[in-house]
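One chain, chain A, links the two complexes that follow: it is found with chain B in the first and with chain C in the second.
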Partner chain A sequence: MSKTRQLEPLFYPKSIAVIGATNKKDKIGHIIFSRLKHSGARLFPVHPKEAEIMGVPAYPDVAALPEKIDLAITTISADKTVSVIKACAAHGVKAAIIIASGFGEIGEEGKKLEEELKAIHDEYGLEILGPNTLGIFLPETGLDTIFVEHGDKALAGGGSIAFITQSGSVGTEALGVASNTGYGMRAFVGLGNKILLNETDFLEYFYEDKQVNCIAIYAESIDDGKVFLEKAKKIAKEKAIIVLKAGRSAAGQHAVSSHTGKLAGSDRVVNGAFHQYGIQRAFDEEEICDASKTLSMLPLPKGNRVAVITAAGGYGVMCTDYIEQKYPRAELKMAELNNKTREKISEINLSFASSHNPIDITASATDQMYVDTLDTVLSDSGVDIVICFVFFSPPGFSEDLIDLVAQRVKNSRKPIIVFTEFGPYTDGLLKKFYDRGVVGFSSIYRTVRAVRFLEERSRIVRNLGGNGND
Partner chain B sequence: MSKTRQLEPLFYPKSIAVIGATNKKDKIGHIIFSRLKHSGARLFPVHPKEAEIMGVPAYPDVAALPEKIDLAITTISADKTVSVIKACAAHGVKAAIIIASGFGEIGEEGKKLEEELKAIHDEYGLEILGPNTLGIFLPETGLDTIFVEHGDKALAGGGSIAFITQSGSVGTEALGVASNTGYGMRAFVGLGNKILLNETDFLEYFYEDKQVNCIAIYAESIDDGKVFLEKAKKIAKEKAIIVLKAGRSAAGQHAVSSHTGKLAGSDRVVNGAFHQYGIQRAFDEEEICDASKTLSMLPLPKGNRVAVITAAGGYGVMCTDYIEQKYPRAELKMAELNNKTREKISEINLSFASSHNPIDITASATDQMYVDTLDTVLSDSGVDIVICFVFFSPPGFSEDLIDLVAQRVKNSRKPIIVFTEFGPYTDGLLKKFYDRGVVGFSSIYRTVRAVRFLEERSRIVRNLGGNGND
Partner chain C sequence: MIESWLKNIKHEGKPDEWEVKNLLKSIGIQVPKGFVINPKEEISPSQLTFPVVVKVCDSTILHKTEVGGVVLNVFEETYSEAVLSMQAKFPQSRILVEEMSSYSGIEFILGGLVDPTFGQAIMIGAGGILTELYKDVTFRLVPLEKEEALRMLRELTVSAVLQGYRGSQMDMEELAEIIVSIGDLIKKLGPHFSQLDINPLVYTKQGWTALDGMLVLN
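On to the complex of A and B.
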């Protein structure tokens, strides 16, 4: 599986045939075809009877297609798929995405179909993504084969994360929520049953893609673990790799009913291997989104010393507890501010503010006090990372703080990460931060966890001798 | 501190004097006075010059008040407070809420003022909440002294949680977010500097309040830990007690600048004591809200065996991993379904659904398959708790599922807890579930954590020989 794949036709097809395209609304072939109209590729619907699909001339079968085709997308049922894929291969189609389920995941009969598909690949070289996959979404070009609701407007903003997932729902449902507060995706790849193309192939592909700086993978099995790890180690010098390997527990593994990759088995082995090869682990759908968002947007810290600025004392205390208790899986510590920094903070703020880290500027502070304090903390050489608790209910704070903090995020070589919450406005405020390049969360736990990923990544880069995002 | 307090005048005052009430908008005395107009109590604004405040006749000073007053609320500055409280006491006022900051938390001068306030209490018996507090919010009557934005419309729905907090911001900001997806509060109490009334007093008060079934406490210090623990042990037989004790780490304790309660010191000691006395711990602002919401709404499980129903395989696997890995702090395990249950699940669902726990009914299932499966699982004697992953993007599911699941939650003696997410509609869907009596979350981690609190609580009740919520 380690030969180099030709994946350009999959991501940048000049021509796409859609076998199963239909004028019947609510059908998958209709949803996908209508989405592809925005992809910029020449479209060739294939339909046995219709003369046109949504105004585009249709062809009765694959053999009738008038030119060489880069990518075929099939939405027809499993039993009809093999013969159509064979016809595609014979016609010179370079790559195919097979959407239908009903293959290996249902049992022996489906596995037999998969073997036939592999044989077609072996004979003709046609690359196959799937079957049983949501396919590809590339916000840059508008290529989009995802047929379920996926918050596409939000995700279409683009970014530098490649999100590769063995489970369609993990991709769409989790990313749909992540996009509420901002999530920048370069590409989405649904692996499906991955009879040919797998996580390693796309890892390698996105290594070459200069617009990608972070690769997030949800996997229930990893094919050919050794090759995967070796490639990951090389790539992790330059790009963050986060893997959510589901099926950690015995019962979880049992639930992973399909293929068992070579990395399955002891979760301790997976953990050790990932650590050694520079892969960062996530354990749930929210964590993989939070981690990839953070790693794709922020510079890496030079060390693990965190300063916390808050206008609400209790939040500073809880955050300090998480940082100092090395939880969750953190190697962070509270920065010790130098005397000059502390004096300056005292000058900036009201007499009852605390200049000790966590710095509590109190709910009587103003926007100006906030950013002056932030600037002071950033200039302290004993600080590697700053967590900013930003509240909007105290009367001295306004939404101007969003821009003011964003300026510091933009100009600082130290990572700054924001916590904010304000009742029903919470997600909207986080989205405003995101739109200005600021990573933010509305839970202390998630905020510290995101910082942990940054710090872990900086250690990985140092250990591997790489250069990270810089 | 263990003498029984007379707190009725604080929660159910028939008459309230507001010293500092003003017609000047944006002033705290204005905000509080205008909120109190909905409280049903007779209001007596005290103002040196104005003849009326917002149309209510004002009095020049406390001595001029025309009748005995249950509750005085002062919004005047710290330096003017002592003489006013003395006048209140002399006039027979039974309880006072002191909103102003500038007392013990700013140093020696403020501590001296607090000693003077305590002396007034000792002489006259007037109960004092605060100073430096947001006071009280009682949705039932509309008594509300919180002067910052606090999502009051959502919180005002009422419920059975008493939320006692030493930090105003932890109360208002965290509860503001919790109320987006539904949070049912019987009462909010801000302790402030708690020079007299403290967590133990309110713990005892809410023990007697039949409408409260769950007491949540955010504390940075606990006064007289031994008395607190003894009372907690008695109360925990009947009502859930969740304590977020901030300042777990040395740096966190340092950040807790004010009083150091007797329970401060080693966090391991706190942990052991809480465990022994039936108190459940939360570690952050989100967890205390999630836990109290869950414990206040759901019946307790008879055991720790969890069944998981999902339409997305990956979510079932990740959930299983969390359950089986005893994380976070869980003693849960996956239920083993009996053969009859599995056969029935297979009959109900499509051929490629999985009848093994986690039960994956697949994205091709329908509302009816979902609830038939749920009914079948609930009737299996090997199942104590059910987690339902409810997705709305698959075509066979509709919002009818909310009502259908809610009916089961209402009629089942086993706790059912929901996970759902659907892009921008997520919070709205969770709120719809909540409005129908269903506890739900949009993260696997938080869902399993909530189940953990239920299971832990059921063990506590068994150990203490209590009867829980039943």
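On to the complex of A and C.
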């Protein structure tokens, strides 16, 4: 069976049973049930005593459910979960999300419960996500089992990134922050203890999902490493894959006597293997969000020559330093503008502007000068990527620049990326950019790092002989 | 070929330097010209060009240099004495005699291991005794193709010496091919393979040469 069909009930359930749904506020079963009321699925709360939950008729146990159920979500404690899952499987439920913790992560006793769950899957074919997971959030339908704050309103607009995370908190907190400045998420999947469904399963699922063009994974462990890599290599021809592999301590389980073993020590093998199989690597929650946002929204550059447009000299200098830093896997260089471009920049701008890259149009410039300069730079065949420092404090600039830059981003085949800083308004401005399809960041470092992800991705696509996502 | 090589290892699972070098030679990797003397064996007259190096050849000794198991620059006059004193020091071990290789330029390390998550991997980088200090190394899983091996080499800080830095002449293409061969070898050794260090791997007039090799089998 294809992954899409197999996992369909998890993402697009027509009917959901919530075991643990309750009228008691601030219980997890209450929060999840109230969220699911927006999902459009038929809901069946299961409660031993209550006749209804939040106005929806309740059933005393799973066996009493009146129809076939696609998805069961359990919020009950670990010790009660196994028998409930067994009842679900017997009732023909296709998939289950187990929210509770208290399984393998606590030791032998919990591991035994996990073995029992696996046995139920083997017998009935019921798919299980978790346990110990926040579950799934799909902005498209409103299916949302995450019971903690996660910027869900800001993320509701959806997008093309699939975010798969072993740690629920890392996922929700990082996405919450990313959503402040705009983040286009297609789906969130919390893997939890991943006793059955793991990163490879969802990698395959989202490969088949045409709405996804970028897959971001936070993982502390990778099951079947080689299988994961082989699948990733196939997928990376078409879709960007970014993995944050946490836990970079010594890999040596057995005594290591060779230099090679000692040098591998930290996680250089992971680094090399990811690179070899077309996976891009992030090292913290901010980086994985920045990288996936960028890769999901921008076309890939045809080369690595970067032009920088700024209204403040200092930022241009810092940016140049970052661009010219050695970074073998995604080398960038400052573009050399041709004479025609430079003459035109001088014509457009005030006499004290600099037509050399980084192009400093000065704080005395206007919106019109800015976009005319941008158009000129975009048409230079020696430029592959443009970084726009958009400042709003100089009097000649207005918020109209957001739309003006957005038009260029929309019509350009070259990636344009924005950096802006404007005190307390910064995040709001970046969100406005995002809402108009523009990728922007609030630090030079993050902006150049995002550009490197684009360059690295375009190299990967070349190496794998794929066609990328543009 | 590998099966018979595995069968003929004197101490099962622990090939010594001579055996490892024979294996490397069999897959086309150059090693110094030499021969091995068994314990208590009469010293055979050397067919080699002096100077030579006299080494203890014993896989149970990890750091030969530190226990006085390597004598460099041995000329004809002192040859018998060098071998005899090595035999006296390591009466149970074989002795390896090799021509000294002359080379210029930096030393490389080429190694392999089994990663607990991803399996068999290969490493190339700056070698020699300071290899663990510089940590200028990069890994890939095996097997791999030449293009990937070349990408490994370009990632290294020392890659410049393979591309003519300060007039250096070291064959990058040939080194990439050696990486591929070692990758294939690791793959062929399959479940027997545990760890490999070829260090140093140097560039001589005759091409890339493995001056030392350590292989740990399961």
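Following the convention adopted for this analysis, the second predicted complex is superposed on the first by the 444 of 470 C-alpha atoms of A that agree within 3 Å, B and C clash if a C-alpha of one lies under 4 Å from a C-alpha of the other, contacts with A are read in each partner's own complex, and residues count from 1 in each chain.
Following the convention adopted for this analysis, a residue touches a chain if its C-beta (ideal position, glycine included) is under 8 Å from a C-beta of that chain, and two chains touch if they have at least 3 such contacts.
In this text, all values refer to a predicted model and were calculated from it rather than measured experimentally.
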{"item": "Touched partner set for A:S354, first chain B, second chain C, both or neither", "value": "first"}
{"item": "Chain B versus chain C as contact partner of A:Y315, first or second or both or neither", "value": "first"}
{"item": "More chain A residues in contact [chain B versus chain C]", "value": "B"}
{"item": "First, second, both or neither for A:E50, with chain B first and chain C second", "value": "neither"}
{"item": "Contacts of A:E238 with chain B and chain C, given as first, second, both or neither", "value": "neither"}
{"item": "Contacts of A:Q325 with chain B and chain C, given as first, second, both or neither", "value": "first"}
{"item": "Which of chain B and chain C A:P395 touches, first, second, both or neither", "value": "first"}
{"item": "Partner chain(s) touched by A:I222 [first = chain B, second = chain C, both, neither]", "value": "second"}
{"item": "Footprint overlap on chain A, comparing chain B with chain C", "value": "251, 256-257"}
{"item": "Chain A residues within the chain C interface of the complex", "value": "221-222, 225-226, 229, 251, 253, 256-264, 268-273, 275-277, 328-329, 463"}
{"item": "Chain A-touching residues of chain C, taken from the complex the two chains share", "value": "62, 109, 111-113, 115-119, 121, 123, 125, 131-132, 135, 137-141, 144, 147-148, 151-152, 154-155, 159, 195-197, 199, 214, 216"}
{"item": "Footprint of chain A on chain B - complex, ascending", "value": "26, 101-102, 105-106, 148-151, 154, 165-167, 169-170, 172-174, 176-177, 179-180, 218, 220, 244, 246-252, 254-257, 283-287, 311-318, 320-325, 334, 351-352, 354, 356-358, 360, 363, 391, 393-395, 421-424, 426-427, 442-445"}
